[in-house]
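Shared chain: subunit A. Partners: subunit B in the first complex, subunit C in the second.
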Partner chain A sequence: MKKEDLARSFKVWIPRIIAFGAIFIFMAIMEQSFFSTSNFIEIIRSVSVYGVMSCGMLFVVLIGGLDLSMGAMAGLCASIMFVIAQNGANSLSATLLGFVVALAVALAVGWLHGFFITTLKIPFFVVTLATKYILYGAIPLVTAGKYVYVRGGSPIDKIGTSRIFDTIPILVVYFVIIALVTWFILNKTVFGRRIYAIGGNPTAAGFVGIKVFKNTNIAYMLCTTAACIGGVILAANNQQAGTTTGNAYEGMVLMAMIVGGINLAGGQGTVSGVVFGALIIGLIQNLVTFMSWGDYLKLVQGAIILIVVIVSVVTHTRSMRGKGRKGRKLLAKVKAEAQDE
Partner chain B sequence: MRIKSQSIRRLVAVGLVLALVVIFAITTPTFFGARNISILLKDSAYLGLVACGMAFPMIGGGIDLSVGGIVCAVGIISVHLSYDFGLSGYAIIFIATLAGAAFGLLNGIIVAKVGLTEFVATLASGFLFLGLGRALVFKDAGGRAVTRAVSSESYLSFGKNPLWENGWYLITFVWIVVAVGLYIVLKKTKFGLYTYAIGSNDKAAKMSGVDTTKIKIIGFIISGACAGLAAFLVTANLTSSPAALGDGYEFKAIAACVVGGIMLGGGKGDTINALLGALFMTIILNGIYKFGLDSTFVYIIQGLIILLATAFDSQFAKFAAKRRLKEQRLSDITPASAS
Partner chain C sequence: MSKEKNVIKISETDASEPRKTEGELLRCENIDKLFSGVQVLFSADFSMNYGEVHALMGENGAGKSTLIKIVTGVYHKDGGQLFIDGEPVEVDSPIDARALGIAVIYQELSLIPDLTVMENIYLGQELTKGGMRQKKRMRGRTLDLIKKYDLNLNPDAPVEVLSMADRQMVEVLKALSQDAKLVIMDEPTSSLSASEAEHLFKTIEGLKSKGVGIIYVTHRLEEVYRIADRLTVMRNGEVVGTLTKEEINPKTVTTMMIGREIKTERQGRAPRNEEMKLEVSGLSYGDLLKDVNFTAYGGEILGIGGLVGSGRTELVHCIYGIKKPKTGKITLNGKPVSRSVIKNINDGFGLVPEDRRQEGFNPIQTIEKNICIASYDVLAKVLGLVGAKKERIWAETAMEDYDIRPRDRNFFVENMSGGNQQKVVLARWLARKPRVLILDEPTVGVDVGVRAELYRFMRESAAKGSIIIMVSSDLFELVQISDRILVIHDGKFFEEFEGDKATQQSILLASSGEHTEEGVAL
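Up next, the complex of A and B:
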């Protein structure tokens, strides 16, 4: 049993390490200043923000949904918090109040997502696309169309730019905590099991007594919570919040999901996959920024998502039809079982 | 006499458009001016063309989130063809439509042949097309994006000026012709019938011998071709292709279709619904600017429209189902009491 587990984790991790290594080497060749401390800190920073948001998205993707409003949600939450903190003269209590209000807005939007998707039975991509535009439009209303800045030394600044041992950005701590919490919820709680069950087969999950509506609502609320946290730490790190905060991050988060091997149809995916996906996305983001390939970012995103999803779908259908190495094994197993009977 | 639920839904859409027209006619005295009407019809034609194409995947039970990307990519390709290669507008209009159709074909193959979910496939291909459009933007020697204006006479004749003074633009007529043509295709051809069949029940259609793969691919091709045609006509009107062209078009087109009465689940509605929806969206967005509201409200109102319209539709579907059940019961009782 133990040996099998080991073999399985080898099978999952070896391709991941190879992919990571390949991109790493590619970047080391392309970028002259790749091995500088400041660049590594830059990478850790973007990995952390993507990672936090991806952990939230994981819940929603596991139940077979998707939240396209994540980027806008992040921007709005950051803006709300910054504005409240600034009106309270950047005191600690005002900052905390700002965070609580931002979190409340995030939870309310998450609940609304769940309500529209489960009770009114509207497809999730339409609902979250609509809320994406609403939230995006609400950001200038909150910030009065300007960017909100924070000065150094204020509590928000400490949240975003503190360093551990004066080198490692504190953002990575948030990422590690959120990843551990997500792992715990998904693997050690009943709620986590229910999430996997709903994603695998919602009808069957309903039949065994799982409250599909309630758990879907909670999953969407967890997702917006993660978007809120991600947006806040991103803005705190940049020391500014406004319309461009978190803009179009949902595309990158979606890419992290797909690279991390999370099945968009739901029911399959692990936190380790998300962490790996966030690492790869952080590297790619760094490469794009460094080479100033901003124009081609969307192109790369679309191509990677399409290629990975197509390959996974094609291999899956092939193995279901008994073709390929995996498929032949499956076919032999089915045949053996039939003979036993 | 029994009125079809679908007709009620269309009357609701007509009522919404009329209500908007009345509101704006009262509040803004210039609303019925010839110039305002012509500009309104021009603006709704761009959206309307895209929405009419989008109607096909939506009636077939799917969605096409890549039309914004297609508009962006085809728009810049058209300008390149005119600026770099000096092709005439008459050639480019065909190439643009074909390019859009080719993008649609790619979508169709990924969705119907390979078997990806519609929204994942078209979301990703939308990124791809949008990225292609951004990558093709004109650059100066320093690598910065610059705008290049089209100067070809034949190109600009397709959209720069109205056909007569203060009159309608050519695109308005193109839109009406396309909408009516596609309406006939939907209602009078085998392909149209099969599209409704797929939208109502994909599995049943397949078991009855409908080639669902082919029908789906053709639906995406129509959607792409309409977006390509719209992209060409937009650039002909603007005389250039801005980098942000097509951004959010898929969202506006979905909003138009949903408000007009094409249900998200598929199998309901036609291009006339899309036409009404596009009119509604354009009048309301036009009105936001007229009232001097901030442009950020455009996003909020679009989002709210989609949420409200889909919520209404989901309740309306329940109402229609109840009504059908009641009628069925009545018709079950009536012959018995007669005999």
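Up next, the complex of A and C:
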């Protein structure tokens, strides 16, 4: 049994490692300065922020939803924390207070998302798209229309720019912690089992006594919590918060989901997939920045992501429909079992 | 085939050509049909006249739908001949059928809710002039049609505001606008309330007086009395016979539907455990259930019979807690049963739902997760933390005990056969040693071998003292497996049968509201 599990994870990870390696080698060939410390730090930085936010999004996608307001939520939370910290002369207590207030706002918005979507039965798309604009519009109200900066040496600066062994950005530590916590929740708790059950078939979940509304609410709250943490570490790393903080990050997070093999219809997806997705998206972004394609940056980025998505979707559907090697094996297995009976 | 034939004409309020309203409309002679080598229709004969309502009855799988689908061109017949107005015709596609004046009103309506009555009627066949819709002309003709058949419809009302009965009326009108002379209705009242059904019957009578022929497929004997001129009964792919209005009586009809009853040896029942009892009193739900009273005991399999839509499913949902009854008391061993599903599950309840795919399992999860999902009160006792090893052992034991194949706990349930999927749903509860296990249509889409196993598991569970309640439309299964059968009719339990006395015919009669000798009136 153990051996089988190992084989299973190999099957998942080997294509991932190959894909990652391919992009990595491509970049190394194209650009000498790819192998510089400053560039690695840059990659780790963006991967970490995407990764933290993707972990939150994972809960929502697993129950069959989506949160389009993640980027705006991140920006607002960062702005709230920065303003409160600044008004408290950047003292440790003011910084902590700022974080607590930001988190409270995030949780409240998450709860509202859940409420609108479950109780009032408004499509998640409409709800989170609306809150996206509301939250985005609230940022200038908090910051009085300016960017809020922090000085070096303040607690926020330490949160965002500290280094481990003077090289590795501390952001990666947050990412690792959040990913581990998410993994633990999804794989080791009853709540995690319920999330997967709801995403796979909400009606059937109701029939085994799972409180679908309550668990959906919690998933949306976990998502906004991750948005809050992601926004804070991003802004702290940039040493500034304002309207552009986290802007449009939900799109990249969504791409990370797809690349990571998370089923957007809900019910299927792993934390390892999210980690891989964030890595690939981070790398692609770095690649495009490096290539100094300037005006074509977004275009190329979009095209590359589209290719990756098509490849992952097509291979998955093929195997589900009984085509390809994996699919044929599955079909044969089912048929053999049917004959046994 | 010429193209002309496929053009559907809209009648110009048909004043020009008087339509035939008498004589034979449709005749089917010796119709055969095979599905991948298996014969499902055996030389079926059927005929009907203009201005006649001809009812078609039979158990599930008797061949009613197959015959209808051959007449409407959905299936191709493998033998025999169709005649319309005495002329031999070939119906190769639904388009041919429409051109011949045959229209079907399906159970799921095909109307677009946002469009008006008139727009729906002319959908896909709009009257145009130079590419523009001629709204006035279409409206005028719709009004003419409504007047002609004496219907109470507003041509400008959007369909979504109409009642179910009115929507069916629009479907009928749509058929008539295409000059239909034969309208086939497949269980039209299954989604209608009593008053709406009455409304529909009035319309049917109106159509009949205008010479339209109607084939009326139904399960309900009362409706046959109410509107049918003749009744044809089918069984196992054969036409058993056709009765005239005077000949129709419940005994004859049910005998024809069931044929000779085969009674195989019953499995011995376990002694009833009076200590364990589920009592339901005065339960009502919506308009469906009025006053339901019964007691189920440990050790016995209690069968619940009745027609589809009679409220059987709603009753068990109320007991389980997933639906809230309007009134009534439900107690288990004197203790009131909670209205919360999860509390009931932890208290030993389990439900195998009617629609396995929609309500039963999570297709994109493994067998293990599907079995364990209802048992985390046992598998995750401390702080909601799941023990992976406990889970694995739990699932593997259940798979072994209930012979679930493939014997691979990581196999996805969506890739399994129907019978094994049902075993997974059942094992989920049996692994918990339930006190009350409710099964709603447990063997639909399950092959014979697995079926016998499911019955054995139910019997074993009852022998251990559980209360087993089985809702079923399969009369053979109901009579064969149950120790006691309660038949629901008109929102109440109508008759009670002891398992060894019940016959399929008596159950069917009781479902239609006829008292029988075998049963005890309640």
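Basically, the second predicted complex is superposed on the first by the 291 of 341 C-alpha atoms of A that agree within 3 Å, B and C clash if a C-alpha of one lies under 4 Å from a C-alpha of the other, contacts with A are read in each partner's own complex, and residues count from 1 in each chain.
Note that a residue touches a chain if its C-beta (ideal position, glycine included) is under 8 Å from a C-beta of that chain, and two chains touch if they have at least 3 such contacts.
Please read all numbers here as calculations on a predicted model, not as lab measurements.
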Partner chain(s) touched by A:Phe116 [first = subunit B, second = subunit C, both, neither]: first
First, second, both or neither for A:Ile44, with subunit B first and subunit C second: neither
Which superposed partner A:Val12 touches (first subunit B, second subunit C, both, neither): neither
Which superposed partner A:Ile134 touches (first subunit B, second subunit C, both, neither): first
Touched partner set for A:Val288, first subunit B, second subunit C, both or neither: neither
Which of subunit B and subunit C A:Leu96 touches, first, second, both or neither: neither
Subunit A residues touched by each partner, larger count belonging to subunit B or subunit C: B
First, second, both or neither for A:Ala197, with subunit B first and subunit C second: second
Contact residues common to both interfaces of subunit A (with subunit B and with subunit C): none
Subunit C - residues contacting subunit A, complex: 322, 340-345, 351, 353, 358-365, 369, 372-374, 376, 380, 384-386, 388, 392, 405-406, 410, 415-417, 419-420, 428, 447, 449-450
Interfacial residue positions of subunit B with respect to subunit A in the complex: 63, 65, 69, 110, 114-117, 119-121, 123-132, 134-135, 137, 145, 248, 251, 254, 258, 264, 294, 296-304, 306-307, 310-311, 314-315
Residues of subunit A that touch subunit C when the two form their complex: 1, 4, 8, 187-193, 196-197, 200-201, 203-211, 263, 267-268, 330, 333-334, 337-338, 340-341
Interfacial residue positions of subunit A with respect to subunit B in the complex: 66, 116, 120-123, 125-127, 129-134, 136-141, 145, 251, 254, 264-265, 295-303, 305-306, 309-310, 313-314, 317
